[in-house]
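Once you've had a glance at the structure underneath, I'll fire off some questions.
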């Protein structure tokens, strides 16, 4: 009897099942320092206690994507170890900042199941929540993945496809308690453009590029205790390449977007996301954004901006997304739809 | 007169000599974060303050191997700078957890000397102790190395070969004060198998592999302030390769062993260890374990399990160790014999 | 209208202008741990709280070069984004230690301007100050860079070349409050040679070498939030090489100098510095030092030593600096002139 974790197969999931994911994690200034070393992250609110205090918070929270990666990483052994594909995200919301010293764990509820017509795989939808040491939710999101069946003969479950919001409603965004941008220091933030300066439909070329190294994406992916072997074992794929964790590209694109969106200080919601093409070591990642929507919030001086954030290994200034066939262009790595918070 | 440290040569060691190693080191959450980035480390006790508190500790200690590496690193300039070979370990015991904020230093006592028959080298045995800021021992181990003589004509010292225990007696294992596994949360730990589920003689293939990069092993080795040039200087060896610090392979194997031994939460003793073959960048490291022994302890719910932990750059599922000639197979990197603590 | 930062061009600077640089940064034990992973840094005062307390400080300060890099990194988007060359440093002084938990920001005053005769570029001199959360200066230095003009037709400003001290006067060195080397533990520091053992004119070959990897210099450079694209984007230069941040070479050389100058615990002043030749991944960096001067200080047991610290990708024992033509030899990477503090 093997003692290693074979991961769950499609027939192991049941509607309504709640999986408590293993290995809670206490985070510290160490994770923040590493995040700054791994990504060109410069958003002032997550970089400086003083800046955060001037914005009404008790200290600088950890970057919102650190929270996402820690929560996500814990789900990998239970959700995506036998995944063929990571199909999408929806209804992601950050619910509470994560502070140095917090201990984070994750749990997921199975909210949808659909066997594929080939009978060999199926799609599983889970709603994942990250919880801190007080049991308070720090974030939640829905993810769906295509998972292999262990036994192709196993009977198909009843098909349940959850009804998911295409976009998180702006009214449902959770603003961190106390956040107040009314005395915001644009000079220290590094960017003079505010919420009112961005127009729906506007596109921003974030200009800079980062060429990815094997050591860096492995350090990042391990940091989140995501140990899916495709990211680490060069003998795993026939081509000898290590597939880069999609979240590494998300963080790289978000960090690059500082140059043009430095005031989009916090990510408040993840409306949708597609890892359009795989990313490998040696690729030079660039990013561009499109303003999809804007909304007011109840917090003083805080506006919400809905952004499409695209990572590409091509020319970010060409704003390439999909071809005439409606498919992602081969150089597009990531297409993310999110809400961010910005001073009005 | 040169001011750089030439290292000690064989004739510089005297029986009973105590060497206070230089550069004490204060550790923090930063070392923990880096450890998680460098290795796929997921043992819950060293990852989560909450999990550690539920096990009777005041907080999550730093990984036991962080303690080992910090203590070991300090000895390098005095013990192994002119070493030809790292021959073995014995009687290693962890005596007290290392917490973030602790300051660690090391000292070694020379407990054995034996000149080799070629007259050019000799073997030095030292017992090394790591001490915290209160002067309390956090770990100790015996190591022996083959060291060059500066002057082949220097007289040989009296031969003293210390009598070392082949295995640390289970009764001599030091259980951290307060450790209590009676309310252990197996779900959060990530593994349902407990002490009683492991049988002596059982072998576990840890399945996963990690392909090593130069940047990663250098970051790790420097983190422990181990600056032996063979690890960093590509011009040092004729083949242009950098030899990977043996401790890097130990930590990689230990972290990989989570998959199958997630509940072996703490390493309590190092009975023996051999760096069977050198490891280089590009090697894909895998691991397998064999249960060598089991013992009860006086701490509530805590059992001890004696494990052989083998790192290999071959197929871990083949459980290869030695050939018919009694020598390590060429793909074997590490053969470690240790006691770990596990919920019964 | 572009929203990305194009950087300042020569005609954007005005004499007396004060630029508050963006993105304040709170530092922690995480930055210290990463510094130890990135460089073979072993100076005991910045490594151990206990050692630092025995030297009169409240705890171990962050390495003086961490302070420099954080302060410098913030200036890049405003000062050197369009720089053709980093021409020099002068009048650098460390004014107050940086402790874990401090929040650092930077500001620069334009103190000199000189358009080049080609009309396409000009030289800008700035005096940069790093400030902590209490507004206290932690360091200051003058740097001058050659910057492109946006519009070659823009009128030349009045030429002002600031008069800069060739060397910081020893009387002007700022000794951290409380620093006292009268009970200095040479054994724990790792070196028996004290201030009195170094002679003016003496040269020290630091012996060790480190071969540089892309992942490492990028991690380091990002850690300081220095995002100049030449360091990260392999498509930026025609030769496909990423230029290594000069500060990475400074820290590598300083860390290597431990072996021979382990007691030069703190850097107190930066008199001058030249990045003699570019450094690329694959280069093996070595270092040598020359004692340029010595001075007493008012602090108990504390002496000052003025050092030339040279980084080379050649043989450090050859002490190569310049050729007969007065130009730096091609293997020389860095020529730094600084004051350090040492036990007398």
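The first chain written gets the first letter, and so on, giving A, B and C; residue counts start at 1 in each chain.
Everything that follows uses one rule, which is that contacts are C-beta pairs under 8 Å (C-beta built on N, C-alpha and C of every residue); 3 or more make two chains touch, one makes a residue touch a chain.
Note that the structure is predicted; figures quoted are calculated from it, not measured.
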Call it same or different for chain A and chain B: same when shared residue numbers make up over half of all numbers used at their interface. different
Could you work out the angle of the rotation that brings the CA atoms of chain B onto the matching CA atoms of chain C, rounded to the nearest 5 degrees? 120
Centroid spacing, where centroids are CA-atom means, of chain A and chain B in whole angstrom: 36
Can you tell me which residues of chain C touch two or more of the remaining chains? 28-31, 33-34, 100, 213-216, 219
Chain B-facing residues of chain C, complex: 28-34, 36-44, 47-51, 60, 100, 187-191, 193, 197-198, 204-211, 213-216, 219, 259-262, 282, 284
Which part of chain B faces chain C closely enough to touch in the complex? 2-5, 20, 22-31, 33-34, 77, 100-101, 103, 105, 133, 213-216, 218-220, 222-223, 225, 227, 229, 232-236, 242
